[in-house]
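Just below is one structure, and these are the notes that go with it.
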Amino acid sequence: MSPTRSLARLLAPTTIARAHCDLPCGVYDPEQARIEAESCFRIQERYQANDDAAYRARAIAIKEERAELVKHHLDVLWHDYFKPEHLETVPNLHDLFWQATKATSKVKASVDPADGKALLDLIDQVDAAWKATGGPSKTRVAGRPG
Amino acid sequence: MSPTRSLARLLAPTTIARAHCDLPCGVYDPEQARIEAESCFRIQERYQANDDAAYRARAIAIKEERAELVKHHLDVLWHDYFKPEHLETVPNLHDLFWQATKATSKVKASVDPADGKALLDLIDQVDAAWKATGGPSKTRVAGRPG
Amino acid sequence: MSPTRSLARLLAPTTIARAHCDLPCGVYDPEQARIEAESCFRIQERYQANDDAAYRARAIAIKEERAELVKHHLDVLWHDYFKPEHLETVPNLHDLFWQATKATSKVKASVDPADGKALLDLIDQVDAAWKATGGPSKTRVAGRPG
Amino acid sequence: MSPTRSLARLLAPTTIARAHCDLPCGVYDPEQARIEAESCFRIQERYQANDDAAYRARAIAIKEERAELVKHHLDVLWHDYFKPEHLETVPNLHDLFWQATKATSKVKASVDPADGKALLDLIDQVDAAWKATGGPSKTRVAGRPG
Amino acid sequence: MSPTRSLARLLAPTTIARAHCDLPCGVYDPEQARIEAESCFRIQERYQANDDAAYRARAIAIKEERAELVKHHLDVLWHDYFKPEHLETVPNLHDLFWQATKATSKVKASVDPADGKALLDLIDQVDAAWKATGGPSKTRVAGRPG
Amino acid sequence: MSPTRSLARLLAPTTIARAHCDLPCGVYDPEQARIEAESCFRIQERYQANDDAAYRARAIAIKEERAELVKHHLDVLWHDYFKPEHLETVPNLHDLFWQATKATSKVKASVDPADGKALLDLIDQVDAAWKATGGPSKTRVAGRPG
């Protein structure tokens, strides 16, 4: 390699890392799904603890919306983060996501925190799959505070 | 307090903590804003590295949307998580959020990753304010994997 | 079962049919995904036929949005219409949906009508799977005009 | 017409057809409004068959959203598909759409399936107007399976 | 009717006035459409004054969104504020809204401020129709500052 | 008018006005927040006057959505219209917006019109701040009908 080209590579290392990504951005994190799912779980708990009709109607409308966001964040991971080569590391990938999105449909229909908890457990498995396939270092910007 | 009531409180601490919250849910985390802001930053990097007109038009449309989500997540923290009593711990709270949301407006208008980085730094300060006011233990469901 | 209760069941057949559904509504049709995907395909064709920069920037922003709706409609079918018992009839269900949603991501990034066409072909396969599992009669309101 | 120009027209028919369209895409189909309206109708039926308060609050929130989509799809047809020259074929066009959108407002406010059915009947009239003005061949991509 | 119940009705006139309204709320104002249309017009002006490609792609994506909101606000007025009895006062009601929404479609496709201005003029006519039918006093909360 | 001034106007008057704005568009008006807040107030009034469970569930779902729009419109003013130099004219700017957005959160949770009225009063103060800082002439297109 000529000295000039070698220098160019030193000056542009992120370009190389970027090459096997495609817009949008390559930033993925199951934390997005988990935060919305925690919200659903807390809403279910509070629903049980408060029997005011207005409060409960509101809780149900908000939970519907939060659960829809859980689905959206899970879908993005399944569509765009996970690639065919990850099936070796996570052989049950499709079934895991199918279970997790179906559990989210159940959370929409349910005011029982046990259903919210079951969803959180499935999202923890999605999180483990993301970590097992190198997610944190590949998809988040380095240097965020611990 | 009678021994019975005292025992009841020990057995149901989360119910008590929940009582001075109001729906929605009490789940807050600056990570939501940070993930969308990382997305903006990566889009700015990739915009610089790719001069295809279709790619760039798409990058700009997606960045606009991601930055709008950054604003939304910051707004929710400022409106709903932070309370007047937090001003003692975080005296510059309002200015910090004003700077962060104005930095997000700048990110919308800019394709320079330096602007995305400046926003990430401000979100780190928001994250520190959330931690300094007890955010992690008060607003997230315990037991998520490390 | 008492004669009275048995008569009640005969008089309310739709209640029985409804019992193994769950809100929302049970109305599903791959046509929703197809219409949005046709829109993406037409936008790609028109993009190629018009080199005005303003027209093209607009085409890209609209295609992004239409393709997002394709994904959403496909996701709803996979999450909520298809059930474990359908895997016998459609053994490649997960892979088909994974291919179709990944093809939609490609349509977002591409201005080549061949990519739009490939997506339409995959949606035709989804449509066939929906029909093979009894979709039309189970999920649409009878009596619409031919 | 000169032979050359005539040949050019034969070689580029879709360009000519495209010329009197304007982005977005030219894909229109009342089926989009009908599917959402069927959803409203089914929700009304299920609301009547289930008196659980949480179920009903959820049904109402979802119906509101579905009916909003009915309105949106009807509006797009009225704004963009129908043109002044269609008033000859469909002289009651404006009144039909006014009735259909007002019927959708009624469906939002009502839990009576008869209101959902009345809306479906009006959408069938919209569908007939679309067909009478050449909609299917002009606005859908040829070759979809029957 | 007992004298007591009859008195109660006299003491609750707003309930009676409210009876021929339907939720949502009865608050309508063409100002919502106008503000978004002014935004489109300003974007067209700025587009002409700035030939930076990133700026222009962003202007087009934002204008699309703003124009969609114009349509939405116009649609709400036509669907829900205007009633059959208003056709006497505003005989060209349907044509006015059809022109205004078609002008909005044109604004989406155009970067010429003249198209934005034409839309503003049509919205002024909608505003006049709203005023001629008693809109301000019927649909806004009294007492707002001048 | 002198020939010089007339020429200057022909050459770039709007460019000068435009120079200290940034896309998007520079059109701002607290009226957007006020209209949605009036909607919330009316919904609270009607909720109190109608004890039908379906009506009330719907009222709560719609109020949630309207209040979210109030927040959005207030946020846009605070993020983008108000600038550091306005703090001299409106020294309590941050506190005013914090109060107004927190009052909106309260309106989401409340069916008491007094809470809706308190929000309207705060929006009137925002409106006064907008006027005190030159808002009407700087942010709206001249020439709209009185």
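Read from first to last, the chains carry the letters A, B, C, D, E and F; within each, the first residue is number 1.
Everything that follows uses one rule, which is that contacts are C-beta pairs under 8 Å (C-beta built on N, C-alpha and C of every residue); 3 or more make two chains touch, one makes a residue touch a chain.
Not measured: the values here are computed from a predicted model.
Listed here as common contacts of chain E and chain F: B, D.
The chains touching chain C as well as chain D are A, E. Greatest Cα centroid separation from chain A: this falls to E. Most remote from chain C, judged by the distance between CA-atom centroids, is F.
Here the spacing of chain A and chain F, counted between their Cα centres, is 35 Å. Per-chain Cα centroids separate chain C from chain E by 34 Å. Contacts with at least two other chains are made by residues 23, 53, 55, 57-58, 61-62, 109 of chain A. Interfaces, counted as pairs of touching chains, are A-B, A-C, A-D, A-F, B-C, B-E, B-F, C-D, C-E, D-E, D-F, E-F. Listing the residues of chain C that touch chain D in their complex gives 14-15, 18, 21, 23-27, 29, 31-32, 34-35, 38-43, 45-46, 49, 55, 58-59, 62, 66, 120, 124, 127-128, 140-141, 144-145. Residue ranges of chain E in contact with chain C, taken from their complex: 47, 53, 56-57, 60-61, 64, 108-109, 111.
Remark: chain B residues 53-55, 57-58, 61-62 touch chain C in the complex.
Residues of chain C touching chain A in their complex: 22-23, 71, 75, 78-80, 94-95, 98, 101-102, 104-105, 109.
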